Amino acid sequence: MVAVPDTALHALPDATHNGEGRAGMMLAAPAAVLLFVLLFLPSCGVLVMSLTDYQFGMPSFDVVGLANYKAMLADPRVRNSFYNTALYVGTVAPVSIALGLLLAILIEAQVRFRGLFRAVFFLPVTATLVAMATAWEVMLHPSFGLVNTVLSELGFARQRFLTDPDIALWSLAAIGVWKLVGYNTLLFIAGMSTIPRDLYEAASIDGAEGGWGRFALVTWPLLAPVTLFVTTITLIRAFSEFETVAVLTHGGPNGATDMMLYTLFEEAFKYFDIGLASAIAVTFLGFVGALSILKVGYFDRRVHYV
Amino acid sequence: MKTRTLLTGLAAAAMLTGAMPALAETDLVVYHAWPHHAVWQEEIAKGFMADHPDVKITFQAPSADYAEGLLSVIRQDMSGTPPDVFMVGSHLLGSMVARGMLEPLDDVMAGHDMAALGYTPQVLAFTQVDGTQYGLPWTSSTPVMFYNADLVTRAGGDPAQMPTTWDDTIALAKKIDALGPDIMGMYYTTGDDDWMTQNLLATAGLMPITKDGTIAFDTDEGRKAIETFARFHDEGGQTAISNNDARQQMYAGKLGLYFNSTAAVRSFEKEIGDKFAWGTAQMPMLVPDGGVAAGGMAAVILTKDPAKRKVAFEYLLYGTGPKAQALVVENTGYMPVNTGAKAELADFYAQHPQFETSAGQTDRAYPWFGWPGQNGPRISQIVLDDMSAVANKQMTADEAAAKMTEEIKAQMPK
Amino acid sequence: MSRTLGTGFLTLAAVLTLIPFVYMIAVSLAPTGALWSGALLPTPTAAAARGNYAEALSAVPLLRYMANGALVCGAILVLQVLIAAPAGYALAKLPFRGRPFLFGAVIVALMIPIQVPAIPLYVGIAYAGLLNTYTALILPFVVSAFGIFLFRQFFLTYPDEVLDAARLDGFSELGIVWRLMLPAAWPAVAAFATISVIAHWNDLYWPLVVITDTNMMTPPMGLAAFRSSGESTGNPGALMAGGVLITAPLVVGFLFFQRHLIRGLSIGAR
């Protein structure tokens, strides 16, 4: 771990006219231009589009104010999609964060196989989600799938995991947790490894007994920044779920698994309702941007696990 | 002397090589959907080029499905270089005409006696918009009833005498469903768009918009069609699994009756083989004079160059001619669009009777209805969602019919 | 006692995590009938394995998709480093007019997911006639705010005295970036590379936007198309074989480069 002080910004001599200044501009120029052209310009574009009735291929358009946002909030399908997103995020984020922390603590307490466990839990993060989603689909097949075979052997009824409107979203949430836990585990382990050992000794002198006392007195408070970081990126990732919806359910049955990014994609590139899609995109940016401020704040002011 | 021979030889060679491009006078760029269709699409092009050495046909990489194909063509049209010939889902034809992407075929069709060439008025109607011919049907299909003959027999039915009404079909499905906990009586797929729902309406004698302009879901027969779909689940043993799940259930020999396009028949033959006896039967009807909705693709000409349009039309005629259509049928299970293909297919049909069922329904086939205006894809999704709600018992048939009517009205051009 | 309990729980969680991988591999090696008989894990046979993998490679041009993926990921990574490293160096070590502004812009850029500028980017790419091209797959990702930020943070710790010495030795500023800074920042480069490749090999959203041509698809998009075409319905084994083939490069790569990857993701990738 390397602590990186952020001093460069504040302690600048005014050196813009010397050679270093020119070289600096030259070296930064490609990135600056590309950031502007590929990111900021189109992002402002989407903001403008959300206030107009622009359609693909149409030569002109009118400003319609907040009409697209009103339409978005009034559209039952969009509202349903936002609601599902909230349910999904509200489930996947806490579960995968808590489970990630638990696994991290258990792994840290292990004497052997720590690397092995870490690698195993991390596999879903690297694996191609589209491919793994198809594997989950076969596992969750209503008649022949592994999960239903086990359920039926144990005397439970078979379930339509991906086609029952009451279950489908939770099936996707389970896949989401499976995908995210390993990453969180890893970040918590990295965070714990920075906690000085002598703090634990001090804690036991203060009378902190057993695992729980040590956790409550030392681990948890010192992990707070890591936990904040894990929470924000997990929320962002859960908000951004797209693959499982696009591959497994197409938002169905009857909209039960429709989520924000999938709705955005469909409105923009299937129905070509650019105004509505842009309004959803801006809303999405609102959520993710707010979370990112927390994340970047952590990036910038705290330390980095390098 | 020697030099001269050499020069003559060179000149001859130059003429020969020069003659090659001179022979291939017309380049046609063809674009179609479904990557797995490339095999027979290219076969048709090969046959055509053998007959017309002056034409060179090249293919764009096929699109994943009809909607993707149309999107790609709209985008290519924006940049000014669309393909010359395009095979589009025939329900999307109206949308292309509305966008001004298509000219009527009148200029190139003039002088051809289409009836004598083997095209019935019914088949030609598949690719007309408001009575004007904008393309030729390249492939055509209707849905059929696939059945597991073993299960039908075990349930007391007769595979040679499959039911012809929905009431009898549901009764049979109920008996099949009772054969065991792992056996499903029937599965009627709603597909990826509203085509199979159009077919339910067709069995009640309805187009999605009736002659007097009413949305079919707002009629008594329409509500009855949706009610029939609910009965598949309540009585016929259908559960709301996905179409893929159901097909796997069928291949595994655990599904009695399965309803989908005849285009699936080739896959059935490949996947079931002789694991168990199976067959196809005509669609059951809700009313005696009901029909089916024809699906499939229209071949349209996008080039505006008159000479090229002529050649492109020759290609359309070849591809929809008896020989090429026989090839399509044998490769897919579609039904021939050309009456002349029946003779070509006599032997094949004798050996593969499952392929012939669909053709027997042509005389009562309606065209694949495309919703007016630009919101066709959204209306398809509305229909799919509400049918799914019926299947999952979130809504009654009447509630769904009312909801669909209202939602579709909101999406139609004012 | 409690450690035994912990080990037990960890083992259970590890098994549950691995089941989809094991199942995918098992189905990819087994005949279809074995799956539909309702067995817990279908029994592999050599013939079925050959058939499934052969079908995955012939029913869709899977090798071509993987080549597309490799080319796109490679091009994105090279361009990202070429553009981000000098910028990171300038932000860390070269005071210039507008530097605080640019750094602020990088921070803001970190917050914008690709789905936000996607619609205008799509319009621009469509009008430029670049749909269904490698350019369309690569272009939006050539500048990585995360890369710039990461390199800046790494370069900040580099001693200024060494830079001054290098300048006295006649190094140009660009020479300093390539010959001093990047080699010294090798762990950051490796970490960034793993993150970038994982993100772009696995991405489904952007290819779905700009690609319709079946020859231009990336591995996840191609596999999704194989699944939805219905061609794989009758033979899930072939679909699973395709899944194994497109997942294998990253998983095997992960097992080899675990340390870099874990370090990279610990830094906080997306």
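Order of writing sets the labels: A, B and C. Residues in every chain begin at 1.
Keep this in mind: contacts are C-beta pairs under 8 Å (C-beta built on N, C-alpha and C of every residue); 3 or more make two chains touch, one makes a residue touch a chain.
Note that this is a predicted model, so its numbers are computed, not measured.
**Q** So what shape is it, when you link every pair of chains that touch: line, ring, star, complete or other?
**A** Contact pattern: complete, every chain touching every other.
**Q** By raw count of C-beta pairs in contact, what's the busiest chain pair here?
**A** A-C
**Q** Centroid of chain B to centroid of chain C, CA atoms only: how many Å?
**A** Here chain B and chain C have centroids separated by 39 Å.
**Q** I'd like to verify one number: the distance from the centre of chain A to the centre of chain C, where each centre is the average of its C-alpha atoms, in whole angstrom.
**A** So the centre of chain A lies 16 Å away from the centre of chain C.
**Q** List, in ascending order, every residue of chain C touching at least 2 other chains.
**A** Counting only residues that touch two or more other chains, chain C contributes 36, 38, 126, 236.
**Q** So which stretches of chain B touch two or more other chains?
**A** Where chain B meets two or more other chains at a single residue, that happens at 71, 78, 182, 248, 252.
**Q** Give me the residues of chain A that touch two or more other chains.
**A** If we look for residues of chain A contacting two or more partner chains, we find 143-144, 269.
**Q** Would you tell me which residues of chain A are touching chain B in their complex?
**A** For chain A paired with chain B, touching residues are 57, 141-144, 160, 162-165, 252-255, 269-272.
**Q** Quick one: which bits of chain B touch chain A in the complex? Just the residue numbers, please.
**A** Residue list for chain B touching chain A: 67, 71, 74, 78, 182, 239-242, 245, 248-249, 252, 254, 374-375, 377-378, 384-386, 388-389, 391-392, 394.
**Q** In their shared complex, at which residues does chain C touch chain A?
**A** It comes out as residues 2-3, 6-7, 9-10, 13-14, 16-21, 23-24, 27, 35-36, 38-41, 83-84, 86-87, 89-100, 102-103, 105-107, 109-113, 115-124, 126, 139-140, 142-143, 145, 148-149, 153-154, 156-157, 172-174, 177, 187-188, 191, 198, 201-202, 204-205, 208-209, 219-221, 223-224, 227, 236, 239-240, 242-244, 246-247, 250-251, 253-255, 258, 261-263, 265-268, 270.
**Q** Contact residues on chain B for chain C in the complex?
**A** 34-36, 60-65, 68-69, 71-72, 75, 78-79, 182, 244, 247-248, 251-252, 264, 267, 270-271
**Q** Could you list, by residue number, the parts of chain A that touch chain C in their complex?
**A** Listed in rising order, the residues of chain A that touch chain C are 2, 4-6, 8-9, 12-16, 20-28, 30-32, 34-35, 38-43, 45-46, 49, 56, 99, 103, 106-107, 109-110, 117-132, 134-136, 138-139, 143-144, 146, 149-150, 178, 181-183, 186-187, 190, 211, 229, 233, 236-237, 240, 242-243, 246-247, 261, 264-265, 268-269, 274, 277-278, 281-282, 284-285, 288-289, 292-293, 295-296, 298-300, 304-306.
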